[in-house]
Amino acid sequence: MIYFNCDYTEGAHPKIMEKMLATNLEQTPGYGEDTYCDQAKELILQACQAPQAQVYFLVGGTQVNFTIIRSALRAHQGVISPETGHINVHETGAVEATGHKILALPCGVEGKLTAAQVEKTAAEHFAGSMPPIHMVQPKMVYISQPTENGAIYSKAELEALHEVCRKWGLYLFADGARMGYGLTARGSDATLADMARLCDAFTIGGTKCGALFGEAAVLTNPDLQQDFGYAIKQNGGMLAKGRLLGLQFLVLFQDGLYYNICEKANRLAYEIADACKENGFTEYAPSPTNQQFFIFPDAALQELEKKYHFSFWEKVDEGHTAVRICTSWATKEENVRALIEDIRTAGAKL
Amino acid sequence: MIYFNCDYTEGAHPKIMEKMLATNLEQTPGYGEDTYCDQAKELILQACQAPQAQVYFLVGGTQVNFTIIRSALRAHQGVISPETGHINVHETGAVEATGHKILALPCGVEGKLTAAQVEKTAAEHFAGSMPPIHMVQPKMVYISQPTENGAIYSKAELEALHEVCRKWGLYLFADGARMGYGLTARGSDATLADMARLCDAFTIGGTKCGALFGEAAVLTNPDLQQDFGYAIKQNGGMLAKGRLLGLQFLVLFQDGLYYNICEKANRLAYEIADACKENGFTEYAPSPTNQQFFIFPDAALQELEKKYHFSFWEKVDEGHTAVRICTSWATKEENVRALIEDIRTAGAKL
Amino acid sequence: MIYFNCDYTEGAHPKIMEKMLATNLEQTPGYGEDTYCDQAKELILQACQAPQAQVYFLVGGTQVNFTIIRSALRAHQGVISPETGHINVHETGAVEATGHKILALPCGVEGKLTAAQVEKTAAEHFAGSMPPIHMVQPKMVYISQPTENGAIYSKAELEALHEVCRKWGLYLFADGARMGYGLTARGSDATLADMARLCDAFTIGGTKCGALFGEAAVLTNPDLQQDFGYAIKQNGGMLAKGRLLGLQFLVLFQDGLYYNICEKANRLAYEIADACKENGFTEYAPSPTNQQFFIFPDAALQELEKKYHFSFWEKVDEGHTAVRICTSWATKEENVRALIEDIRTAGAKL
Amino acid sequence: MIYFNCDYTEGAHPKIMEKMLATNLEQTPGYGEDTYCDQAKELILQACQAPQAQVYFLVGGTQVNFTIIRSALRAHQGVISPETGHINVHETGAVEATGHKILALPCGVEGKLTAAQVEKTAAEHFAGSMPPIHMVQPKMVYISQPTENGAIYSKAELEALHEVCRKWGLYLFADGARMGYGLTARGSDATLADMARLCDAFTIGGTKCGALFGEAAVLTNPDLQQDFGYAIKQNGGMLAKGRLLGLQFLVLFQDGLYYNICEKANRLAYEIADACKENGFTEYAPSPTNQQFFIFPDAALQELEKKYHFSFWEKVDEGHTAVRICTSWATKEENVRALIEDIRTAGAKL
């Protein structure tokens, strides 16, 4: 069985494993106070062109999301999110479990929020006809770059979100669990330096982009940096052997590895998408990144699933199902060839 | 200025004030362990025909809602609510502040949930294609009787909700902040005994139905009764001079006072609604209870608001606004006459 | 049976009942946005000589405590409290339920914290040998004025606490559930103006000092004032008919009523204490306020408890029990006379 | 510089690194639904002789502690812990951040709770003279095996704790972050099977016992198993590449590796302790496990710390300091020899 269901089916990029092995018996201080973490932070700050920012390493994605949100918000404040945002759907209510409401806004199939939506929500709260204290105060905007459905925000879209957030005193936070695939996507014009310039906080995902695990949190707003170390510890995100996180990001941000492996995954994803389209299958959501979403007749899907794992996404109608097809830094080209061949065969039967 | 904006503009029904005065210098135990509370609970249980139920008195509506919800749910569980539910909109995120996600479902202008909606949500979670543990587990259904928009659930609708809740192991909780107006509404066929039979928990509002303050929580499900006293105290709902709550509900549930005063308020509300309709104003949402929702041209509204306070509800379009017009146990008939006259005048100018 | 067990066995001072009755059918805006609340706040600010402060009214004591603490602290911060502090013992973990650790420090029988204790705790955290992020950050000091055991802080003690709090960036918060008894206690030299000058936040209790219910929160630190209205609502402390709180404090702070009734209660308490001492019973904790703590042989106590209710405080040893004897604004002089007589009789049998 | 300050200064046991490398490019399902996790769970259950138990893998120690506690307790319930318990001191208030009070009890230098202490606390709450609902309800007892100070509970002590917990309906939870060192300690008579028989929940630490990271939670009480998967996810403890946890515990529990490496660490610790005692240094706390606690004159300590890192534990008096000296599975015998030599030299100067 070949897995195309997600981008965390393998371990880590071989260069990471190599580094871990080479340093395995070294003694270092715990809790991320080692030189590998220092070096990795330095590399990330350089990539972000943001010397005033602070970088922190946490283990997982849900964890880093709720830790940042809880640490930033006061009890009566909430976070605006697209309805399909990961925090709103697939984190078992972790944000609410820290006491904060998610103010979910409708979004199209791309899973993106617009500056106009944020403006409307903030204006209704702070300048509306109702006394605001009876409602949750919006204080943060959460987006994903790329989104749950693989779309990316352009630099112009991010700038518009940045502006509206400044206007209403909101923090802009971008979940970058798949940041590498976004940065290297076809048509992407927002760099890490743009993210650092436009967001108060964002993450750079390791787990889905070559590491065994690990997410880097980049906090550019000094208000969010204060006491963030306490927050990491309190929320269970502080790894005793913290160097493991530093080591991995050090390898990923040396010699452009993070970019190279993600770009390759994107390229393979485009090939699969092209094969789907050319053979008569409908795109469910347009994506320039490593996740592709296509609608298959159930019979065709059953046939393909004898050999491949995809992610179920939605029952579109009686007889059709949308699935996610994922590549990653670890995807083998030969498996992509085989899949394309089988998509062709399936298409021929339509 | 005459207030029709809400049903808590005056103090308490004179009979309540009388009882408070008469007992003011009596010495009783605190925290609701007095005979007035005992007597009031007894009367309520009789009205509910539910000897196995337990009655508790808390001070306010937001408080009783989040106390019941927090006490009933485990950390990973959430509560299904109509989008317009009071807990979802006007309680400053109190439920989320206790750690629980509100699973908000779309609802029409009446603000009601259907059994089919609950079935769909529960089935998708417990029997869907995604592993459920990544999502909040639905465990309770929150409705209001009457709803935020004045509508009432029929006995048949409540029975259907009860059934689907049983099927999926969900608690059914009805917020009865305006229960009195619902029980005595035109067309209402659900009695307190029906509420007790069909809900695991519900409240009987005092604040908006004749009392100075106070909500009775009726917990019919023994699982919810366990340790509820701790929950009241922890969440700030335990009144030191608890007898004040008992005294008020005692007066309200003697000789049908609760019903009589609410029924009269409903009748006055119908008169206002009839005047609106007869004079050409559009109903925003149909309501058989003491809250009426009408759309006025802004000019007409400005004229009326020189003399009357209404509640702003929604800007319907350029030039029209929906407002809430409320009566209560304390509404004076002469004020209703005056309002009707002025609606007539306003209608004549259309 | 005559109750001396606590100071909330009766209703409200007759002048308050009178005012409530007189205004009962007036229409006012809800949620404390009425003129009675405005007037009461004005009177309190005058008494505090603190024009920059803000006054808020909440219903109950546990509620106002956890609302202030939750609103002031970030998630990783805790509150220093004497071990016997009300928040640490008798509020069912309400503060922890909002996510914050209470850093309980040992205290003598008077229930007071010293500046030296706070200095030690803060210095160990912020300037100790352990990295602080693995421990809860102290950010607030909670004291009661008077304490749970009836003692009062002198002005000098408060000034010392104020100094150490300034030094380490801690908020000083005084729980004044029985403030009136403290302000008028024998030997008390700290006025409301001192409280306002030295504390970032404190409360002025109504429930135990003449009102039906209600606590005034005085927030002198502008940082704590920000968005406090949201906090009140979210935590269930916002009364729909908010004027009831305003009306009561208005009456209490007109013509010195608050002081007069509490001073009288203190005087009656001293008479009881003197009788206990003169007749051979041991003081459990020295108190210049309305709560007196004495140790009785169990036989004597059984005899007294045929006629009077006291509060059990502690089993001191096989054969002796400490109880709390409480007076209040409502205590009848004739009951005090009777009790003194019976204490005399009991003493004679020793 | 040689580190004896803690047991997490190196990476993982070479056999673990080997296994990770060998399986690195295999494709498996995420979130722990892979065969390596299944196999590891099976091995642990065999070691525990507890087929009815469930095993779960989480990333870190703080995380697994608060996840188990939050999942087990209702909002008004708290956890009894020794004052020096890790959850009470060194987890930045993580348990309170989930809403639960820690009921900290005094304990000697060994850091152990006795059954008598638990009995007293429970009896005072459930059968005392105060109405219990004003106080946090004890519902769980937290111990560490071995304790923070390296001591171990005997089987008889655990049985007594088990009995008292049964009597009062409390869960018994043992934090086994260093379980391996406890199981193989000199004089230890409690096996994993005893732990499983006597505790409702306990953990088996990987991080400090040979793994890169990872803690196994063994839940023997079916009530605690229900929905625990949701809890792991919600609290950020679910690793996307969950097999990494399974792989590590699989290696540790094959061929007794877990026991062998911990026993060796204990043996080296005893040699250091013997050297300390023989050369005139005072034991701070007696410990049969890999953590040793000794008091040094400051001058001697300064000399030793030129070459070795220890953990500061406490300033004992002017001129003396207690430190922790730690060995682990990774400690090199040559470093132990060198340290012993230097302790001898330091002792000679006393």
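By letter and in written order, the chains are A, B, C and D; residue numbering begins at 1 in each of them.
In this text, a residue touches a chain if its C-beta (ideal position, glycine included) is under 8 Å from a C-beta of that chain, and two chains touch if they have at least 3 such contacts.
The structure presented is a predicted model; accordingly, all values stated were derived computationally and were not measured.
Distance from the centre of chain A peaks at C, each centre being the average of the chain's Cα atoms.
Each of C-D and A-D has its own count of C-beta contacts, and the greater count is at A-D.
Between the Cα centres of chain C and chain D there is a gap of 41 Å. Chain A and chain C have centres, each the mean of its CA atoms, that are 50 Å apart.
Between the Cα centres of chain A and chain D there is a gap of 34 Å.
Along chain A, residues 75-76, 91-93, 97-99, 133-134, 230, 233-234 each make contact with two or more other chains. Put simply, chain A touches chain C in their complex at residues 31, 70-71, 74-76, 98-99, 131-134, 137, 227, 229-234. Contact residues of chain B toward chain A in the complex are 75-76, 78, 89-93, 96-102, 104, 129-130, 133-136, 312, 315.
Chain A contributes residues 1-3, 6, 8-12, 14, 17, 20-21, 23-30, 59-63, 66-67, 91-94, 97, 207-208, 212-213, 230, 233-241, 244, 330 to its touches with chain D in the complex.
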